[in-house]
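After this come two complexes, each holding subunit A, first together with subunit B and then together with subunit C.
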Partner chain A sequence: MIIPYKYILKKTAAFVAVLYGAITLNFILPRLIPGDPAETVYSTIIREGGGSVSPRYLHQLAAEYGISNAPMYVQYYNYLVDLAHGNLGISVAFFPEPVSYILYHALPWTLLLVISSIAISFFVGNRMGRYAGIHRNSIKDLSMDMFAMFMASFPAFVLAFIVLDIFALDIKLFPIGGAYSIYVNPGFNIPFIISVIYHAVLPVLTIILTSLGGWELGMRNNIIPNINSDFISYSENLGFKKYQVNQIAYRNAILPNLTGFAMSVGLSVSGVIIEESIFSYPGVGLYMITAIDDLDYPLIQGIFLMVIIAVLVGNFIVDILYGFFDPRIRQESE
Partner chain B sequence: MKMEEQEVIKDNKSLLGKIINPLKILLSNGKAKAGFIMLVALILFAILGQFFSPYNPTKYEFARGMPPSYAHLLGTTIYGQDVFSQLFYGAAPTLMVGFAVGVLGTLISIAVGISAGFASERVNTVITGIINIFLIIPGVLLIMLFGSFFLGLHQSLGYLPTILILIITGWAFGARTFRSITLSIAKRDFILSSILIGESRLSIIFRQIIRAIFPVIISNFFFTAMYGTMGLTFVEYLGVGNLLQVNWGTMLYWAINNEAYLTGMWWWILPPSFMISILMFSFILLNFGMDEIGNPSLRRFKSKNKNENKKIIGDLDVNIEN
Partner chain C sequence: MEVNHINAGYESENGYISVLKDVSLTVNRDIILGIAGESGSGKSTLAAVLYNSFRYPGTIRSGEVIFDGKNLLKMKPNELRKLRGTEISFIPQAAMNALNPVKKIRLQFYDMMIAHNIKENDFDSKISSSLELVRLQENVLDNFPHELSGGMRQRVVIAMSLLLSPKFIILDEPTTGLDVMVEHDILLDIKKIQRTLGLTIVFISHDLPILFGISDAIVMMYGGEIVESGDYEDLLRNPAHPYTYQLLKSIPLIGTKIDSSMIMKGIAIDFNHIPHGCYFHPRCNFAVPKCSDIHPELKQTDGKTHLYRCNRYPEWSRNAKLEAIGT
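Here is the complex of A and B:
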């Protein structure tokens, strides 16, 4: 096997550059937002307790939340140093828990949902697109396309509520929320794993239903030009069986969909964040909703950063694998 | 044949012809036609809704949570508003946001994409990096962040913050498309000859490239408008929009927040969902149809003869390149 060194090097450089950009963006964005966490807490105290708060207390609060009036470049330097040490500040909504602690418990659940839903919908969607493309302009094709388009056009969160209502409340086939049953021991044992899968079915199903359409339509439109191309006629004339010919066309057509992965990871994470709050799944999305409601900027910032890093790393891995799959990509970069 | 050609050329020159000819191409495609009819119907629905909504959509004046009846076609909300009036009146803002995001987002992505595709290698790399950052960041996170930034300003600015948020989160995909398509077109002979003749870059961009990629622009407009419509519902669902305005997104927000799906008030939650679905569906159909117009190999031909098909495809390719 040839290892595409140059390609990997190029991708790594791009990865580092984008990561640095995202980290910097994460530094700038909260500073554009008027108000700071100390002010939020302060106004809550005023609202709930009445009276006024002494300036000394306000300063103490500000210090606790790590707000400084230092020049921007000093703040930026401190931010990078803190980040390198894994210090993401202290949450306002879940005071006094550090943001990194919350993320440590929430991120694995989100990753579980994202990875399983992307994998399943990529596989099923491509297969459906292949089927539709091979039988193109037939009633099979039309019904598949219509299904895909309808699923892509229905508001995802309404679909989630309908699914929740039918499967969890009416038929009581699946649990209403949570990531695992309270009767099992978290750890690497079979009842726990079964319980986790059982609780993940509904959220994953909803995300798959809404993201299937893009893959299906993309695959259909990719495979049709391939089926009409000369190398397919050639292999037909060589006497390949129908499914073998289709397999060749499919392999060629799947490449653009693989590059579409970068887009889809971001989209799936968006979907997962919404679904988690609906299915009360203890992932990042559930905390994000709370954080937005309470204007908990350290937590928002931490979630933002962690999700972006996760998405970037995922993309990076796909990119590297892609270099191994497709020789044309390797040649382009050399 | 010649007469027809002359007619087409004559048509092209008049203003009416400029509008009608692309429409004719659009309507020659079955999917695009279906989408176009749906979209026109929705636009009519939205315009009529501004004038003929049966009751005041915001007033709490009826019995609460009534199922559909003759007086209230889609029943009333838990607050005692008429659902049909809300649906009718809320169509225009929803469509407006979708179209505004579609037009402005596409303009930004054209500007960024074409300049990246036409610029030097180094500028291209930098712009591509920026596009990638925006592509990779999950849109919902940006909507939440910018949304909470604008939260206090909604009263005075109407739909402006929402549109702005959706443009910021939605332009990158189109920019990537335009960048790669410009890169491939810039290598073609007719661009090279324009450069050699001494045509200025701006003139090449506006007179040659924009024309060559026009189907992609239209298709991208529908895609971005789709994002805008869906994005509006997300902005409202997440509560970072202005919840006092009436549109299909806020209708869903209030229906969900009052657990309409639990109490069986389907007449509150399903109509806006289906209207959004129809709007999205028409955009998808138009987008799909434009794809087929721009990419002839996807087109459906009546003739079963393969060779004849190839000839037609060849002719069309030439037409598009010219």
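Here is the complex of A and C:
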């Protein structure tokens, strides 16, 4: 296999540039919002306590939250240095936990949900789309498309409630929420792993069902022009076997869905908020809701930064893979 | 190969549109049979029917295509699949896009041989002998299709079609989109390959000079029917149908300015509104009133193999000659 070094280098440079831009924006945007967490907490105490609190307390809060009045360039420099050390500030809502500590504990759960559900739904959805496309305009195709369109447009939160109601509340087959049972010891042991899988079934099922339709429809619509293309009819005319012809069409049709795959892995880090909050799953989404409720700027900022990085990394990986899968792309950019 | 009484057309919203009407022809072994006609004369439809690759909305109403004693149109799909590429082969109209864009040429050759259960030991020898036929270097094998020029891609397609040494090949306007020099080169190669391997070729084109240059026998199509067929020399020297005559006359020679008198009047037939009588009479320079009433049958001239479908042969031909002398 030829390794397209030039292409990879180019994509890496673009990735670094965009990442730097995103990090900078993440610094600028919160500073454009009036007020800061210290002021928020201070005013809440005054409002709810009803009494008067010394302004010195405000300065104390600001110092604890690491809010500084230094010039912007100094703040920016400190921000970059902190970021390089993985220091994202201190959470307001979970004071005095550092943001990085919260993310470090929440991210694995979200990744577990996202990666397992998207991998399954990508695989199953593409296979369904392939089947529908090959049997296009038949009753099999129509019924599959109906199902896909219905599922794709079904609101995730409604489906999550229905699933929860039926499987957790009515027939009590699966737990109502959480990531693992309180009766197991977290760690690398079999009861814990089984408990984790058992607790993940319902949220994963919900995410799969709502995202399946998009893959199915995308694949179906990509594979039909491929089936009608000149190189497919030529393969048929040379007596290629049915499975070979379908494989060629599928291989060419999956390329656009691959981009979608990366995008959705990136976006889903924040995109499973609904499922996480309904199933009280301790992922990033659940923390994000809390953070927004409590105006926890450092945590929101940290989560956004993580989402941005997830999207960028996802796209970067697909860009590189695309170079291997589609030689035309590689050449165009060389 | 023998083609008997093919009736085929297309399903449309307004019902069935008949294109091929009772087309029968025989393709003798070891020759190049040229099928000529304007765009919309039904020649590509005929090519698809011959190869049984005519797909919906195209429908074949009746007729048979006999190859080696078997009717291709009645064959089971898997039987037909095994025949394709090994006994009969097809070089398509858009040969430029006939290769899978994301696979190296070598792997596409391999796929073809895997499809026909060729032993892996024979892969490379078959590929190199096939590439030699079309005068390509083996280094094209490690390229992707988009890295090759149009002419090279065309040669790769021809090499692939010839890979498993089929004896019968259909070429549907194989040189569309190539420049004249490349086209010329490829056609010479096709002719040479045909002679050395003893292939039977059906060559479909609207380009008369090329067609007459390469073919041993010619079939002229108009409005989905055969209007004239025979030896290429008979058609060239003594066209028996005014369509052939007028088409040949419309070929511009280098050095002459194109003027409107050379161009055939009217436009190609509209399959929704087929004229009464002879299909060609609205555009015929020699039509008389009876031509719009009587639909002529295929008749033989003195020569046994020369068939024509005209009410006024040989009268029109004498008029044409007088006219030519007059000018």
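In the analysis below, the second predicted complex is superposed on the first by the 327 of 334 C-alpha atoms of A that agree within 3 Å, B and C clash if a C-alpha of one lies under 4 Å from a C-alpha of the other, contacts with A are read in each partner's own complex, and residues count from 1 in each chain.
Here is the rule we use: a residue touches a chain if its C-beta (ideal position, glycine included) is under 8 Å from a C-beta of that chain, and two chains touch if they have at least 3 such contacts.
This one's a predicted model, so the numbers in the text were calculated from it and none came from an experiment.
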item: Contacts of A:230 with subunit B and subunit C, given as first, second, both or neither; value: second
item: Subunit B versus subunit C as contact partner of A:5, first or second or both or neither; value: neither
item: Subunit B versus subunit C as contact partner of A:244, first or second or both or neither; value: second
item: Comparing the two partners subunit B and subunit C, which touches a greater set of residues in subunit A; value: B
item: Touching partner for A:95 - first (subunit B), second (subunit C), both, neither; value: neither
item: Touching partner for A:325 - first (subunit B), second (subunit C), both, neither; value: second
item: Partner chain in contact with A:57 - subunit B first, subunit C second, else both or neither; value: neither
item: Touching partner for A:157 - first (subunit B), second (subunit C), both, neither; value: first
item: Partner chain(s) touched by A:123 [first = subunit B, second = subunit C, both, neither]; value: neither
item: Contacts on subunit A seen with subunit B and repeated with subunit C across the two complexes; value: none
item: Subunit A residues touching subunit C - in the complex, by the definition given at the top; value: 229-231, 233-241, 244, 248, 251-252, 255, 325-328, 331
item: In the complex, subunit B residues that touch subunit A; value: 129-130, 132-133, 135-141, 144-145, 147-149, 173, 226, 230, 233-234, 237-240, 252, 256, 261-262, 269, 273, 276-281, 283-285, 288, 291, 295, 297-298, 300
item: Residue ranges of subunit C touching subunit A (in the complex, touch as defined); value: 51, 53, 81-86, 89-90, 92, 94, 97-103, 111-112, 114-116, 144, 146-147, 157, 160-161
item: Partner subunit B, residues of subunit A touching it in the complex; value: 14, 17-18, 21-22, 25, 29, 32-34, 137, 149-150, 152-155, 157-158, 161-162, 164-165, 169, 217, 221, 224-225, 228, 262-263, 265-267, 269-270, 273-274, 288-289, 292-293, 295, 300, 303-304, 307-308, 311-312, 315
